[in-house]
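In order of appearance the chains are A, B, C and D, and numbering begins at 1 in each one.
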Amino acid sequence: MAREPINVGILGATGTLLSTHPYFKIHALGASSRSAGQEYAKVTKWKLASPIPEDVKKMVVQECKSENFKDCGVVFSGLDHDVAGDIEAEFRKAELIVFSNAKNYRRDPIVPLMVPLVNGDHLSVVRHQQKELGLKKGYLVCNANCSTTAVVVPLKALEVAFGPLQTVNVVTMQAISGAGYPGVSSLDILDNIVPLIGGEEEKIEWETLKILGGVNADDTGFEYHASSPLVVSAACNRVPVIDGHMACVSVKFAGKAPTPEEAEEAFRKYTSEAQKLHCPSAPPQDIVVHDAPDRPQPRLDRDLHKGACVHVGRVRDDKVLDLKFVCLLDNVRLGAATSSVINAEIAVEKGFI
Amino acid sequence: MAREPINVGILGATGTLLSTHPYFKIHALGASSRSAGQEYAKVTKWKLASPIPEDVKKMVVQECKSENFKDCGVVFSGLDHDVAGDIEAEFRKAELIVFSNAKNYRRDPIVPLMVPLVNGDHLSVVRHQQKELGLKKGYLVCNANCSTTAVVVPLKALEVAFGPLQTVNVVTMQAISGAGYPGVSSLDILDNIVPLIGGEEEKIEWETLKILGGVNADDTGFEYHASSPLVVSAACNRVPVIDGHMACVSVKFAGKAPTPEEAEEAFRKYTSEAQKLHCPSAPPQDIVVHDAPDRPQPRLDRDLHKGACVHVGRVRDDKVLDLKFVCLLDNVRLGAATSSVINAEIAVEKGFI
Amino acid sequence: MAREPINVGILGATGTLLSTHPYFKIHALGASSRSAGQEYAKVTKWKLASPIPEDVKKMVVQECKSENFKDCGVVFSGLDHDVAGDIEAEFRKAELIVFSNAKNYRRDPIVPLMVPLVNGDHLSVVRHQQKELGLKKGYLVCNANCSTTAVVVPLKALEVAFGPLQTVNVVTMQAISGAGYPGVSSLDILDNIVPLIGGEEEKIEWETLKILGGVNADDTGFEYHASSPLVVSAACNRVPVIDGHMACVSVKFAGKAPTPEEAEEAFRKYTSEAQKLHCPSAPPQDIVVHDAPDRPQPRLDRDLHKGACVHVGRVRDDKVLDLKFVCLLDNVRLGAATSSVINAEIAVEKGFI
Amino acid sequence: MAREPINVGILGATGTLLSTHPYFKIHALGASSRSAGQEYAKVTKWKLASPIPEDVKKMVVQECKSENFKDCGVVFSGLDHDVAGDIEAEFRKAELIVFSNAKNYRRDPIVPLMVPLVNGDHLSVVRHQQKELGLKKGYLVCNANCSTTAVVVPLKALEVAFGPLQTVNVVTMQAISGAGYPGVSSLDILDNIVPLIGGEEEKIEWETLKILGGVNADDTGFEYHASSPLVVSAACNRVPVIDGHMACVSVKFAGKAPTPEEAEEAFRKYTSEAQKLHCPSAPPQDIVVHDAPDRPQPRLDRDLHKGACVHVGRVRDDKVLDLKFVCLLDNVRLGAATSSVINAEIAVEKGFI
């Protein structure tokens, strides 16, 4: 499928995933006005094991104003939430298409909250978003919180196979990279657990409903799982792991519960729209089910499929609800930028870009 | 209260807690026949931050046979389960009183499974145990698994204040010291989580019922919470923490649930029999409730009250069950030897030793 | 020795060590003007495993101005170097006696740089300091950098026994607590080493000369080891250890080198002035020599003698210089506040307070 | 260069590096008799982040006897030293070519001890080895200890540019993976340093001389740097890092010492025989010099060039010797199997296989 490469802008992030992308070509990098005008390699605090892509190193960083990005077919925002709100709004108003990792507009009733392995169908609401805001081309799509993403992918697979869930209990063990840099002080986390991540439990409990719920009949908004009420309870912990969020999940179905074997089968068979559309950054398998009783483990499994899949293991009956299991995702890839990129790939495939 | 010191024997453990004990005097140390006849300092793999007590260092280690411990008023067993079964039985048969940290006899219907901050009243069943086995003086008492202990103390406080619980969901994050030495390979746990601890979930799910259930009317056995059925579900994880097991717990009450404030009040007011009896190793407060929203934390809190209390924090409503909270205990102290020692102190106070 | 307790002021630090001190009584706490007027428990970011002393918790924090500390017989400064310079100068000018952990005045030719287990004799220079500044009572004494302290104690023991050293090579592996809070980002140090600690190598290379060198004949300054030139080379690394700085040290003597056995003997016999004066916070042994070939280790040894001693192990011949060994100190105790406190105790014993 | 693929046998190791190798084709896997006859995936304790290569997974493991490997053009041995001695000897006797990672024959005066980025020229001695042992085809080549490898590559570059070294001081900080699996207990290394790695210091001090020394005139043995005596002193520490050995190195030259800038230039220009021969597994650059003052760091740098290069940073004057710097290598790749593989590639290129 020989396409014209699409120019992309990147705000407040690294572009690692895009330096050799089949659809996208990095055209502009945005950062704070403090860094603007300098080479990317000079202003970044690069903390990844892979080096900065050569083509990105020498790009001159722009201020995050839409005029500097007007030739971009799509803009990816990895901005911090304290600045993302205004900048993303200004970009959209200037008829730019924005895929954001920030939390600011996730609860906006006309903005899709898309986990690419779950609800690519929510994208249709951007037409209504444009209409509401009087835009022709610009729109905004958010991806979900990283720990929400870990959980909704297997939950979606269960709902597809066995009908709606009624209750979900989640306890997370989250990596330090989820807090950014410098983020978590080493004195807070070496030989320690912090049983609180501000706002995280609320995000899992709320975002899950928007993501797993449908789109309303006329594509103007979301159903928030209202036809079959779903209750989610989350408890979030920071642990001394570098990358990879784990969660212990237990679920109760509205209808008849599957056996663990049936659930495993459903996880393995699950195929997201991203996969069906052959999005280039989608994993070859959405959910990797582990047979070894002590897997998945963050250090050993997070790198599989370039961190773009979700791992599930220890699927078993739950005495309190119906079923329990463990899941894992790479929070810095599928839990962040990879989701935005696949979301945009879905948009390309469906003609929204 | 000037007592005659009671000679104690210690099998397969360190005796750290006893070197300056007001009731107990270390009289004999037992170990494998391979070590027997050598000085303790020579055979131990001491991995504690505190040095070996001077009086223990030079004691000659005995083989674990009852004849070498016949002058001991009480014997503490920290033996591995692969040898504890036979040795503890032989000691009891020789009319010795044994308090064990091993798992072998925890499910025995005539052996008390005692968490000193919870069910000191179970001790009464040792009279029946003696009768059954035709013994005059010897008996065996077990303490619970470390992660069970972390959980049953706050659960007991809730049941005392608000009546029986119906369901309990537990997700643990457990320290490496729980696996002994050498135990967990560093390659398995640095920058990692292992979502399986063999047999641990079953222990929490089963032991909780025996511990929280009552003693039957004629003191001949245990009720296993049968009058008001309780269901416990546990998921256990090993995390890169040295000492201190954390658990995220959610509970549903058989009757009306308390508010988080009422539950906190109940935790604070809870006073175990060990405290009431002024056992010298009992903590001044059984349950320490934390106000800071990010506490308890293993590294910062495990040392309080010499590791003899349980910590609770983040008490809040649970959308799925009724109430949820976080708890922490020092697995190498209250989760192990400290429990055996307080159990024996209770036995002394009640005239069983 | 029944003394009147001496009122002490504490600037920018916790006072943990002083809450039950036999000579000193915490009288006033100083912090930034932002915190002034509030209770200590409200403004501190307490990250220690031991709780805040009860008597300190409710003390109202003062602004760091000498008028708020005028009733203090001695003031301990744990201020950050960016503010310590001006504040300590103002306090001294107001005739207060200041013992500082900050680096600002360490190189001042009239300020003693005192490691209490090494050069208590340098205190005599404060009389000249007073004269130079026209003061009657006030003076300033600094303690050394934490990694310098680890190294100079065993070096002093070697010089006392075998005469001057000629060259010293030091490679450190330093704990994260040395960088303060929040200090080192967990993303920088989990599963990692950072082979640079800004300014640390220069401190070890320079401070060692001032500390190990003598006082000049008329007590007006320091000799900087000039009579027998000493060259020190240091390479400093940050490692994922919470508390405890390790160093691999190799040394060459100006004269005949001792055997490893002779050196060990010298380490064991070494007795500092702080010990001889029976300073209450001095360790019972200045240098603890380890026989086990894999010791000292930070986690297992840092707590010995309340962190007030230096540990030495693996004393052996060096093929390049003469002798090599490993040393360890608790950087948050003898490497910081404990040094200031013992320095002040020496001053009390010698009549300088 | 279209070659016939060479069948290789692998003893006691994973073959990860060879599953897509341009010269070599995995033909047979050897393990203990306990595992023999089973599929590789069943018997391995795979602890790598990358999955087992599909073609290796189902291979049936053979007992380590030469008859099972007689069709192999080369055999790679990753056996433990307790069995490597006999097995490797038996293989060589059966006219097999063996490249070993084990330590058993490193000091053998007719066995090359080859670090592929340093002394490919030592390979010539295998002709004499064959003659001595009456062999036509079989011979044995060892690669060096992992920490030796980290150090000799930059030392070689310095000797090539500035002539022989006189003294070298090395202090290592070594990763846990260097001890194999289960290897280091997590209780020994979390929040800790162990200042002893048994036998490691002797290996660095001795192997360096054999590797950096030349081959004698008639290719029958090694010169051990005898023409210009070299003295090496090493101190080795285990630190809580997963992969990547760091070393702080200081050196003195027999002749005039270079400036740090000249040394950096020499590191950058250094080109090993492996590179010149275009060995497929050789790194594009032997030594990567870091400009950032806080690099190299294990977590951020070990993956560069697939772990096949050595990193150098902080090149600066040393007050005690002449020059000091930091170096890093990936101990599980260039420090182990990668070295064996490149050694064999050199042998292929030079016609020894």
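We take it that a contact is a pair of C-beta atoms (placed from the backbone, for glycine too) under 8 Å apart; a residue touches a chain by one contact, two chains touch by 3 or more.
The UniProt protein names, listed by chain, are A, B, C, D = Aspartate-semialdehyde dehydrogenase.
None of the values given here were measured: they were computed from a predicted structure.
Colleague: Which is it for copies subunit C and subunit D: same residues on both faces, with over half shared, or different residues?
Modeller: Over half of the interface numbering overlaps between copies: same.
Colleague: Using mean CA coordinates as chain centres, what's the subunit B-subunit D distance in Å?
Modeller: For subunit B versus subunit D, the centre distance works out to 49 Å.
Colleague: Distance-wise, how many Å sit between the C-alpha centres of subunit C and subunit D, to the nearest whole number?
Modeller: 43
Colleague: For subunit A and subunit D, what's the span in angstrom between their mean Cα positions?
Modeller: 41
Colleague: Specify, in ascending order, the residues of subunit A that touch 2 or more different other chains.
Modeller: Within subunit A, residues 47, 190-191, 240, 242, 299-300 contact more than one other chain.
Colleague: Please classify the inter-chain touch graph. Allowed labels: line, ring, star, complete, other.
Modeller: Contact pattern: complete, every chain touching every other.
Colleague: Give the list of subunit D residues in touch with subunit B in this complex.
Modeller: 47, 176-177, 181-191, 240, 242
Colleague: Enumerate the contact residues on subunit B facing subunit A in the complex.
Modeller: The touching residues are 167-169, 171, 173, 190-196, 205, 231-233, 235, 237, 239-242, 246, 248, 250, 293-300, 313-314, 318-321, 324, 326.
Colleague: Could you list, by residue number, the parts of subunit D that touch subunit A in their complex?
Modeller: Touch residues, subunit D against subunit A: 47-51, 190-191, 242, 299-304.
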